[in-house]
Amino acid sequence: MIGYALTFGFFAVCLALMLNLWRLVQGPTLMDRVLAVDTMMINAIALIILYGIQQQTTLYFEAALLLAMFGFISTVAYCRFVLRGDVIE
Amino acid sequence: MEFIVASSVGVLTAAGVYLLLRARTYPVILGLTLLTYAVNFFLFAMGRLSVNLPPVISDEALGYADPLPQALVLTAIVISFGMTAVAVAMALRAYLESDSDHVDLSRSEGSEKADHS
Amino acid sequence: MAFWLELVISLLIVVGGCFVIVGSVGLVKLPDLMSRLHAPTKATTLGVGGALVASMLYFWGIEGKVSIHEVLITAFLFLTAPVTAHFVAKAYLHQHPEKKPELPPTGRPYGWSTYDAPPDGAAGQAANGEEAERKD
Amino acid sequence: MNLALIVILPFLGALLPALMIRAGRNACAIATGSVTLLAFGLLMSHAPAVFRGEIVQVGWQWLPQLGLNVNFFLDGLGFLFASLILGIGLLIIIYARFYLSEKDPMGNFYTYLLLFQGAMVGIVLSDNILLLLIFWELTSLSSFLLIGYWKHLPEGRQGARMALAVTGGGGLAMIAGMLILGNIVGSYDLTVILQNAELIQASPLYLPALILILIGCFTKSAQFPFHFWLPHAMAAPTPVSAYLHSATMVKAGIFLLARMWPVLAGTDAWFYLVTTTGLFTMVLAAGIALFKDDLKGLLAYSTVSHLGLVTMLFGLATPMAAVAGVFHILNHATFKAALFMNAGIVDHEAGTRDIKRLGGLMTLMPITATLAMVAAASMAGVPLLNGFLSKEMMLEEAVHATWAGQGWIIPLAATLGALFSVAYSFRYIAHVFLGPKRDDYPHTPHDPPAGFWLPPAFLVSLVILIGLFPEALAGPLVRVTATAVTGAPLPDFYLSIWHGLTPALFMSMAALAGGLFLIWRYTLVRARWQAGPHPDAKGMFDTGMAALVRAAQWAILSLHNGSLQRYLAFMVGGFVVLGFAAFMNASHGVGSRELLPATPVAVIAWILLLGVCAVALLLHRQRLLALVAVSVAGLIVSVGFLYFSAPDLALTQISVEVVTTILILLALYFLPKQTPAESDGARKVRDGIIAALAGLGVGALCWAVITRDFASISTFFLDESVPGGGGTNVVNVILVDFRGFDTFGEIIVLGIAALAIYALLEGAVRGRAGARLAAWMPDQPQSADRHPMMMVVATRLMLPLALMVGLYIMLRGHNMPGGGFIGGLVVSIALIMQYMASGFQWAARQVRVDYDAMIGVGVLVAGATGIVAMLWDYPFLTSAHTHVHLPLIGEVEVASALPFDIGVFLTVVGGVMLALANLSRLGSLSSHRPDNEGPMDVDPSAPVSSVRSR
Amino acid sequence: MNHWIILPILVPAVVAPMIVLAVRHDIVLARVFSVASAVIMLLLGGILMGMAADGQTQMYALGNWPMPFGIVLVLDQLSALMLVLTAVLGLVVVLYAIDGWDRHGRHFHALFQLQLMGINGAFLTGDLFNLFVFFEILLIASYGLMVHGGGPARMRAGVQYVVVNLVGSSVFLVAIGLIYGVTGTLNMADLALRVPEVGASEQALLQTGALLLLLVFGVKAALVPVQFWLPGTYALAPAPVAALFAIMTKVGAYSIIRMYILVFGDGAGEAAGIAADWLLPAALVTLVVGMVGVLASRSLGQMVSFGVIGSMGTLLTAVSLFTPEALSAGLYYLLHSTLAAATLFLIVGLVVDRRPGLGDDLVVAPTFAQAGLIAGGFFLAAIAMVGMPPLAGFLGKLLILDAARDSDAVIWIWSLILVTSLLAIIGFGRGGSTLFWKSAAVKGRLETDGAPESGALSFVAVGLLLASLVFLTVFAGPVTGYLDATAAQLFETRAYISAVLD
Amino acid sequence: MADKRHKRTFWERWLPHPLMTLTLVLLWMLLLNSFTVGGLVMGLILGVVIPIITSSFWPERPPIRAYGKALSFMLLVAWDVVVANVIVARLILFHPPESLKTRWVTVPLDLKSPEAITVLAGTISMTPGTVSSDLSADGRSLLVHCLDAPDAEEAVMQMKTRYEARLKEIFP
């Protein structure tokens, strides 16, 4: 049962990633693209978690953890760049 | 899967090289970054690909991926990070000094000595 | 593993997957950035949250231990998602100064912080509006 | 031993003049003269042995691997030349003392002169052709200094460079020739080579060796077509001309012809090459000399002509030709040196060397005039003077020579040369000393002090005495020399004034008459001459040189045009071509490894990667966007690492990603936000092709490797990780233990990077960059909100959590994915987050850590971990791990890997923070805003009183 | 364990952080540390050379791991020789630098020490990937040093330098990857054992790796077509740094010598001698490009830089013959050309210091302080560089020419070496004449604000280098004796392999 | 801020954020995934040291009073998040984008502490169709974007009563 759920989960995340890519390519504004990337990072976290369940290992969770932290930071950095130009002011 | 990896490495290399050949420091640095991804993944792949066999010793493990290329790539990532950082700083300083971020030196600059002060 | 646990886990994964899809569909479908911002902020985050809880239950189920990582990831996500959204909105407002008249008044003597400088000395901050004068 | 001393003395003595010049000009000259005199004395001490026909030898090994030995030998040939070099050298030293003015740096002059003298003596005494080559090129170098002595004169500089280019170049050809010769014989020692004539002449390499050596000789001896440098070397001070171009340097070529005679001469190739060149040079140069108005120019071409004469004689390769050649060398040295000195006196006294502005000096400076006339007459071949004797012998040899079956060519040409020789010699006499006294001299010339004219007078007396008593004075010397030249016993001969009515005498008389006729109708002859073509050798040389330099500049500087784009295209192109060529040249099979199935997730990731690469390429001119695309590519790569069982790599890549992004963003604040469209279509296509080939190549190599199996040393690491390294995360154990040395290097790289960035950006605060920063205006609109409250509050919560996570990841790294490096990055990023939220200035005030010091401590801690092992005589970085039982706490694993990893951690944090802090410092310098005193712009909880309404 | 072997790496690695940590703000103390470290390295070099002199290869297994699994340092006569050369250069350069150059920017001495550490490490390591690491150390330190003192042109040349080397490093990793991917090992001795056993179906991969690696080393060694970076970098680097960089090209040459004799040498089976066919033509073209460049140069620094390219061409020509005799000749030329180039770069520095606003451009301008002394030094160093007698350059060229006589390409080698020598003679003649002679014809005198920065100590440095050239010349016999033994030892690959692996 | 600088008590200095310390120790033990005395000691050390190190970034203690209310607030928010997501999902999937009544509203704030305002803003962002987009320059009102809010007044009222009121009790 979990296997089927996982298959659906992977499908969902992949579909989401493709949609994110579409937004990334399409834009139109820079912030749209930043938002698309941010969403991609969150989706990547989902992907890693599902992969961990599938492979029955917790070894990959740190990666998800760091992604959660650093995805936030890079998105904020892009926004700060747009807002102020200077990321660390 | 091997094809996906090999072609990804190729695509990253191509994109990196193309940006590397641009005329401004900024795309060149991005090109180098892409090239670094490609090379790191290439080096990593030299240990051959394996799925879910992380080189962490445990009783349940079915096998292990080749840990050596991973260690090498880790070193390479760190080193290229340092290199990229220096390149960025130097590109910035060069731009601040000369008001141009073009990568080419003009003829006159080729022999021009820097200020001593 | 108990059936009910498997069921819950599967449900969480499926529901989470649905929300993940919804978030990204919204990102594609909604007409402007501010509307699109709602989708990932809520739906995708919740979707990942579902997967995380599923994972936590799963490893609790097979190893009998609570894996803290998922909690930590969830905490980070729920802590950062509003901040990210806030920043994206601010950057959007900043990049679209034409939106300024459309915004409701603050109801305070000062404008919105993206456009207007904080009051002098509010936090020892001596910024003035002129310096941030807009070129366009 | 003292034979070597003859060579070494001038070199050692070369230091003296430079030192003695402070003691005055006389002391300087005396010191120099003493050196030469001493060397001359040493030489003379060997005279008895030489005249007994003995060969004096001495030698040491210098570079035995090459066969380069410091071997000297003295035979007749060497003796004659060494005597000329040192004897005339002594006279030149005396003469130069009076010639050089107060302003001229005399110390330098004598130093150069002694260097040159030593080099010349070295050439003539060397018993090793490689050693000879060294002295040979040394004469080129020292003569370069001497000719260019008056460095303020453009002619001097140009003449010096021309001489260097021609003679130095000839020397290079000779190197090749000598190496061939040495290889044929198997030794570079002259005495050995000279005994192997048959071997050499039978070798297929004889002809190339001959030609190469002759090029060396001819350039040095100013033979056609290399004759043009010599007249321009006359820009040198007259003592130099007198020394280099009468007795020494130009004779070096002649010397070598004589030296190599026994092994090279006697073949057709030798005859045609040497005789023809000599003959042609003799006639041509004599003809040109006739029309030279510069006294030294005239003498210079005359020298070329006389050298041609001797060359021609050696080309004939008969014993008597050798005798004549040797005799003429001696005679020419005497009269030509005298004439050069004489010309110098005229120049010195009359203020000009232009024959057209000279005349009637006979009455004004009788002694000078007399000396000049005698010497010039000898040059013309007037009987009773030494020049006559050797010229007669030359004509005699010419009579018997046939050229390509034609018996008349050589005699006719020889007579013609003699005729011109007579003409220019008499022109020298008639147009300078005879004729009406002129009154347009700057000041009235008169005979110089005795020291000035005594040296030429001494030489002139030799001219006369040898002319009168040839056999007594020169006979033995000529005989012993000629024997040395031919390397065989000579036929009987007797040097005498009168040989009877030989054809040579008639040729001589015809030349004398013809020459006098030419001088009689000089105006007419000159008019005819001037109507003809005058190839300007110097002009051609200069044009050639300029063209060469321009061509070089075109070729190299247009290749090295400063364009990185071009350099990289060549470089990447080079790698691509070499890679493909290497692959195609070797055998290759198909891999047999079982392939992994491609999962849909992987395919999606692949599409994502293609998509972001496309975005990065197509939209790369929008810089921020390109950065976003590139970092997504990095994200996909990290996920790839994770998928293929490399969690450590994924963690590292993700962390590095963020730091790099922030770093680039910080720089992008100052850089233009758009890349201008610059590449034209062709450039894009070119780059596209290079990029595609590079990608194809790397991709194909990757494919080829990963589709086949292999065995690696990694099994050891997997086996030994727990028992040997004490950790279950093999990657980390490799990093901190098996290959900890790499990691030690890696953190040093990171530390250096930070220090370099610090140095780079610290310097940007000053100078031009600093001025630009001070005048910086943001190039895009800035929002009013500098430090949004939500961010500050969020980071307050996240910072401790992230620090905890970072430390956890570091500490657990030995057993699970993580380690000091990733932990350090996590902690750095947590701190960066704080910097981003509240600004650099405020945050820096809260974290009073000296990041430079942190790097230093980190490297030292990691290093100390390694060094500790050395105290127990284990190699650097030998690890140890053990379990310690602590009360209350229980078993604790203590591993030396931990302090090492802590060193890594500290270096990473220090390095990243130092780099970022310095980058952000630039921003705060340029923002023209005061520091924020609080962490956020507005704190609504602050007392209302501080909020002033507008 | 012979701990001496690690010390040339460890000493600077410890001194540098100590300088950063303790004496960063005290330039005098930093100088004391730096000079002391340089002296120690010279002593170490001497000691190690003494240890290597018996012809036994010694190894140092870092971390005490068995070979070929751990990283190994290997001391043989070649590495000892290179260490001594580095130490001599390091000491001289630091003497020149402490005359004031080190004040122009931050962290000069730390970067300098780490640069030496990188170079020493590259010469000692017996592990391919560790070689990469040391390459990166010496490179990144060189980035910092190269732009020391700042200035727009220098910065932009610095960017080029960095970018080119980053590309080089990337390909280095690809090559290492290929070689590892085929052989499964990184230890050079182990590689030497495994390379001959590589099967036919993997040859293409192995050889591609080997040749890419060759060109990577070529980048460091300024081999055509990857030489472009050098003139801009060296001509624009500060004088002492450029002088130190003279050894960096030799790191490339050293690596070529080491790898393509030990690993891809005669014993490499199908891949044997793979480098020679490519290296020789490339080296000859390099020689031509360099010496033509000397003739074309518009500044003295550029001229010396092209001279370095030319000398690398000569050196690699000798190397490409892959015979003990040619290698010995090449090594002699390596010693000489390093010292000669360094001397010239320091002299360029002396000139630049004294020609405010003009630098080392080959334009006529009034004379300047100590022009005579500098001209004398230039004359000597230039004749050394172009290979005129009597200095070592001439002997080196003779040795190479002599060693090339059995090569198939002897005509090419001889004629190109000799013809390009002439170009170099003409070029340096022009340069010196313009700078030192023509200036004497111009009225006036160039004055700097106050005394030029390069004072007595700088002249001492130049003098020491010239003395080292004279030493090399006078003791050519004993030196080549050592080099013959060195070359013979290099070709005794079995001894190396068993010293490391057994 | 000079007026805020008062002499810190012993506890303020050495245990600046007890709640944070507790969280960190708990977190550490959970990260270790197994209980050992050594691990606890390490956790305690870190739990004390990290807040001290980072206290300069967070100078004031967060004025949380009612921990129970805080817990119930969290549960309320969690529930709202789930509900909100269903609502938003419906909006996204089944409503034509044109029919959405997107609008900006201003929420005047009674809260003063940055922590409280941030929690409010975060809550608003994570719940039904609203995203807090900006603060006024003096930090006293919040700009909220609503995805579908036919009635602005009501939306503001709901935010203020449902969340701000509760937060005022937690952060007095």
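The first chain written gets the first letter, and so on, giving A, B, C, D, E and F; residue counts start at 1 in each chain.
One rule holds for everything that comes next: a contact is a pair of C-beta atoms (placed from the backbone, for glycine too) under 8 Å apart; a residue touches a chain by one contact, two chains touch by 3 or more.
Worth saying up front: this structure is predicted, and the values here are computed from it rather than measured.
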Any chain that touches subunit D and subunit B:
A, E
Show me the overlap between the contact partners of subunit C and those of subunit F.
D
Note: of the two pairs A-D and D-F, more contacts are counted for A-D
Averaging each chain's Cα atoms, the one nearest the global Cα mean turns out to be E
Chain whose average C-alpha position is farthest from subunit F's own
D
What whole-number Å value describes the gap between the mean CA coordinates of subunit A and subunit B?
23
Round to the nearest whole Å and give the separation of the Cα centres of subunit B and subunit C.
32
Taking each chain's centre as the mean position of its Cα atoms, how many Å separate subunit A from subunit C?
12
Please report how many Å separate the Cα centroid of subunit B from that of subunit F, as a whole number.
40
Multi-chain contacts in subunit E: which residues touch at least two other chains?
129, 133, 136, 140, 143-144, 147, 149-152, 159-160, 163, 167, 171, 174, 177-178, 180-181, 186, 231-232, 298
Counting only residues that touch at least 2 other chains, which ones in subunit D make the list?
557, 560, 562, 564, 568, 572, 605, 643, 647, 668, 698, 701, 705-706, 710, 712-714, 717, 738-739, 742, 746, 749, 752-753, 756, 760, 763-764, 767-769, 780, 782-786, 788, 790-791, 794, 798, 801, 805, 816-817, 919, 933-934, 936, 938-939, 942, 947
Going through subunit B residue by residue, note those that touch at least 2 other chains and give them in order.
20, 25, 28, 38-40, 42, 45-47, 52, 54, 56, 68, 72, 75, 79, 82-84, 86, 90-91, 93, 97-98, 103, 105, 109-110, 115
Assign the assembly's chain-to-chain touch graph to one of these shapes: line, ring, star, complete, other.
other
Every chain pair meeting the touch definition is listed as A-B, A-C, A-D, B-D, B-E, C-D, C-F, D-E, D-F
For the complex, give me every residue of subunit A touching subunit B.
55, 57, 59
Under the touch definition given earlier, write down the residues of subunit C that touch subunit A in their complex.
6-7, 9-11, 13-14, 16-18, 20-21, 23-25, 27-28, 33, 36-37, 39-40, 44-45, 47-48, 51-52, 54-55, 58-59, 62, 67, 69-70, 72-73, 76-77, 80, 83-84, 87-88, 90-92, 94-95, 114
Where on subunit D is subunit F touching in the complex?
784-785, 788-790, 792-796, 799-801, 803-805, 807-808, 834, 838, 843, 846-847, 886, 888-890, 892, 933-936, 938-943, 947
Flag every residue of subunit B that touches subunit A in the complex, lowest number first.
52, 54, 56
Enumerate the contact residues on subunit D facing subunit E in the complex.
61-68, 130, 133-138, 140-141, 144-145, 148, 151-154, 157, 160-161, 164-165, 168-169, 172-173, 175-176, 179, 183, 545, 548-549, 552-553, 555-557, 559-560, 562, 564, 566-568, 570-575, 578-579, 581-590, 698, 701, 704-706, 708, 710-714, 716-717, 720, 724, 737-742, 744-746, 748-749, 751-753, 755-756, 758-760, 762-764, 766-769, 852-853, 855-857, 859-860, 863, 867, 869-870, 873-879
